[in-house]
């Protein structure tokens, strides 16, 4: 092809399009802590411990630490530190379980993450976590972050340079 | 010691002080082509050939080529190209035989080099080559080199920079 | 035999009257050419290697560059520090591609060959993990500079400016952020401000002249000059343009900076101005008084280094060091200073300044300002104590 | 899979409608950290290695840098070309030293530790064997750029300026030349003008950040920026100051330039201004018309590169290329130019200019000027013929 690269449809990309965030669309699925507990015990507890307290400095604790952030021994966990449940869904979907990343289906994902929220006393054990209910989840540290503003400022596209070097392959915005 | 490096005497350096050149002192020793022939056959001929004509592109010829330099097939050898016998002594002492460099004593060195000169018809087979007679050897190509002059020009010592950085370790010239 | 660059080792004793030996390697031919079609360091340098403090957990962890043994500004590929979250994937470049989508005019996929056909740029810049020297935030914990500062390396990177790639895909007017994602088992992901992406970010396929090393993201890595190491996404497979940051784990749970009030600074990207003396440094021993070279590295994510001052008395007096060789934007800069050690106690420190007007402060001042829990982005002044015996240790000042 | 940087390989076929695969390396953890304490390239890059044309004779010969696969200006240590006359010695640095004597005030001996205590400098510069492209002097003989131009590499070198060492030993007023000698089995030796020695010559102990590689002279090498490769004496053990050149074999029988009248130019040290297109280049194949990058290297022993022109029509018309990244004194300089290949026959050439006012001429012109027998110091213009099928070959113009 005259221009390097091939057009591709968003549909084709979907197996890679795995990010989940508070500003983006959510996967369709549903789960409760009750179901999530079994998944947790089967797929997570070996590393993170039966109760989610982690293992030494090796496997992080997934519960506890709420109220510890301003102390001399802050414990940063899903419960105490993570600002939004979407980020937990995102991370667990892409990276956990460590030995088999990207192996959880959407229901299992909602289930096991709802279980993590449950053991942090954020939701009750029968809470159905899904793309609708997630907005009602209130993370304890949701207001705990201060934006440095480093990303702000004028966005400048180097028009002339790109035009010079891409020629006809330059797609005007 | 406060300054990096140790003073050393020229005497101590003598085992490393192996260079021989037309402008420097020569090793004391003596040899003739007749003696040199045996050394050559024992230590050199296996690579450079019994008659000194070398072997393919692998081992260089040590004789021949006189008069060939301005032709389409120049043959550069000790006979046709090397400008001075001191350079041959220098090179053979430091680098030959390839499998045992720096193994020849001074007499053997004078002998084997005289043999190379002999097979190029530069000296007769009973010529005693030594630090006295060497000046009478006339290499065919002794006037064959044109100095580019690249090395000429003012020699500037970066006095201030060296003084700044060596401090008391700077030895004024 | 001791490694040439491994330590300030004991000087070998010389009897000055004796004649020099002619060693075996001068009396016989050495190894043939092409013994190694791809070469390796001398066996006498076997101690100059990456090391780790990570407790064993497979691919999750980091290794440290042996800074005390390195010279100049280039880190050889084999010694570049590592930080992986799911190990080092062994990617077949023919099976790999980069997808660019989201708020673009035309989503596109680029093979390696496609990227090689696009215009390339090369630049030298450092990568520092924002956890580098985190262990030294509140006290001196580790003995040597590999352990304190070794999450730092510098390479020549070559690839395609991200702005050219976005020139091919086009962009929507509301795009503000770029999600960058790896093809490793952690699918490591970070949000990059579009402002930065269009400024100097590169989709790199080469490092120090050759293809990226597997540990550095072979076959593709995002290079975000001056930003914390983690944002230079390795094994890059996907770039997605969006209006908002993506709030990935590595910019919420991790790489945010906890302040005394329990709030955490988020999107702290740029690595601050910093420097460290690497020779002499912790764990070395000076064996005789006299002329030495004090030699170190300075760098800033904000631009070029303008000055480095060195103190040998724990910060009472400062002397301007010489900046050696290249002084480049967001790049390691080497500084040197001749020093005559008088055999007395000394405390060696360095303090760097950058062109954006930043300078390095003592750990003490930073610690007082940010509290106990910051950990990331520690750019405090490092102090090495030289004792009267010449032994050098890490001290907290 | 094909090597990432080895060739302009066939684009992998993509079915654009199908969904992307999730490869195995995304679904499982990769190799643990510190699997290699000293890293190595990906196994997919196994073809990016040094190669040789030397007929087998042990340590005497040369290997060639795979220029077509390299980017930027740094040559990784493992790929630096080799030229040895008695193989690669395996030197114990604790047993090695540098002796400086002759017309000095005080002969001295320096251990490696001594040299590390002296003030250091780092600089990036190329080393080119003056026999590089010698085979191409009168006709096009070799198929690819590794074989034609591969006796060329570029590294960051660190060490002590020779002027500082001579500052310690002092010099006699009549000193004009320095003999530099190696500790290898060839005791390789060359005469360096004292003018050069005091200008920018370095006694180097490090290369690209780490200790010199054995093939590059571990533990010490003389670096004479811009001079023919052979003068950068490896395994350096001795420097002797004298009033006259020493007329060693490598400046009489070899590395002198034979002219048509049978006279030979002697002491031709400086490598002329030169350039070569490395991508696309001989042996590669363009697989589709469209946007390409023309990418090459330019260098001069006389100083900085000022301009590089590129022709795609065998020298009829010339376009200024972009000089990429750093433009340094006596250093490789990368040039790039976007090019739309229209699927027709093309002849690619590059022509470099330096700050001393030199420029590169066609091989034909040089050949007419210097005759058949010169061989060394060939800095003619290289031509690559692109056929209508996209195959690229070496042609003599």
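All chains are identified by letter, namely A, B, C and D, in their written order; residue positions are counted from 1 within each chain.
To be clear about the criterion, a contact is a pair of C-beta atoms (placed from the backbone, for glycine too) under 8 Å apart; a residue touches a chain by one contact, two chains touch by 3 or more.
This is a predicted model, so every value here is computed, not measured.
**Q** If you average the CA atoms of chain B and of chain D, how far apart do the two points sit, in angstrom?
**A** 28
**Q** Suppose each chain is reduced to the average of its Cα coordinates; what separation in Å results between chain B and chain C?
**A** Taking the mean C-alpha position of each chain, the two centres sit 49 Å apart.
**Q** Counting only residues that touch at least 2 other chains, which ones in chain C make the list?
**A** 14, 20, 26-29, 58, 60, 86, 99, 109, 111, 113-114, 117-119, 185, 187, 237, 290-291, 338
**Q** Among the residues of chain B, which are close enough to touch at least two other chains?
**A** 3-4, 6-9, 13, 16, 98, 101-102, 165-166, 169
**Q** Determine the shape of the graph in which chains are vertices and touching pairs are edges (line, ring, star, complete, other).
**A** Drawn as a graph, the chains match no named shape, so other.
**Q** Throw together a list of every chain pair that touches.
**A** Pairs satisfying the touch definition: A-C, A-D, B-C, B-D, C-D.
**Q** What does chain A use to touch chain D in their complex?
**A** Touch list, chain A to chain D: 1-4, 6-9, 11-16, 98-103, 164-169.
**Q** Sort out for me which residues of chain B touch chain D in the complex.
**A** 3-10, 13, 16-19, 21-24, 56-59, 69-70, 72, 74, 76, 78, 81-84, 86-87, 90-91, 94-95, 98, 101-102, 144-158, 161-163, 165-166, 169-173
**Q** Under the touch definition given earlier, write down the residues of chain C that touch chain D in their complex.
**A** Touching chain D: residues 1-5, 8-12, 14, 20, 23, 25-45, 48-52, 54, 58-63, 69-80, 82, 84, 86-97, 99, 109, 111-114, 116-124, 156-158, 183-185, 187, 205-206, 208-215, 218-219, 235, 237, 279, 287, 290-293, 295, 324-326, 328, 334, 336, 338 of chain C.
**Q** Can you tell me which positions in chain C touch chain A when the two form their complex?
**A** 55-58, 60, 85-86, 99, 101, 105-111, 113-115, 117-119, 163-164, 166-171, 173, 176-177, 179, 181, 185-187, 189, 193-196, 198-199, 237-238, 240, 242-249, 252-253, 256, 258-270, 372-373
**Q** Could you please specify the touching residues of chain D with respect to chain A in the complex?
**A** 14, 16-22, 26-29, 288-291, 338, 340
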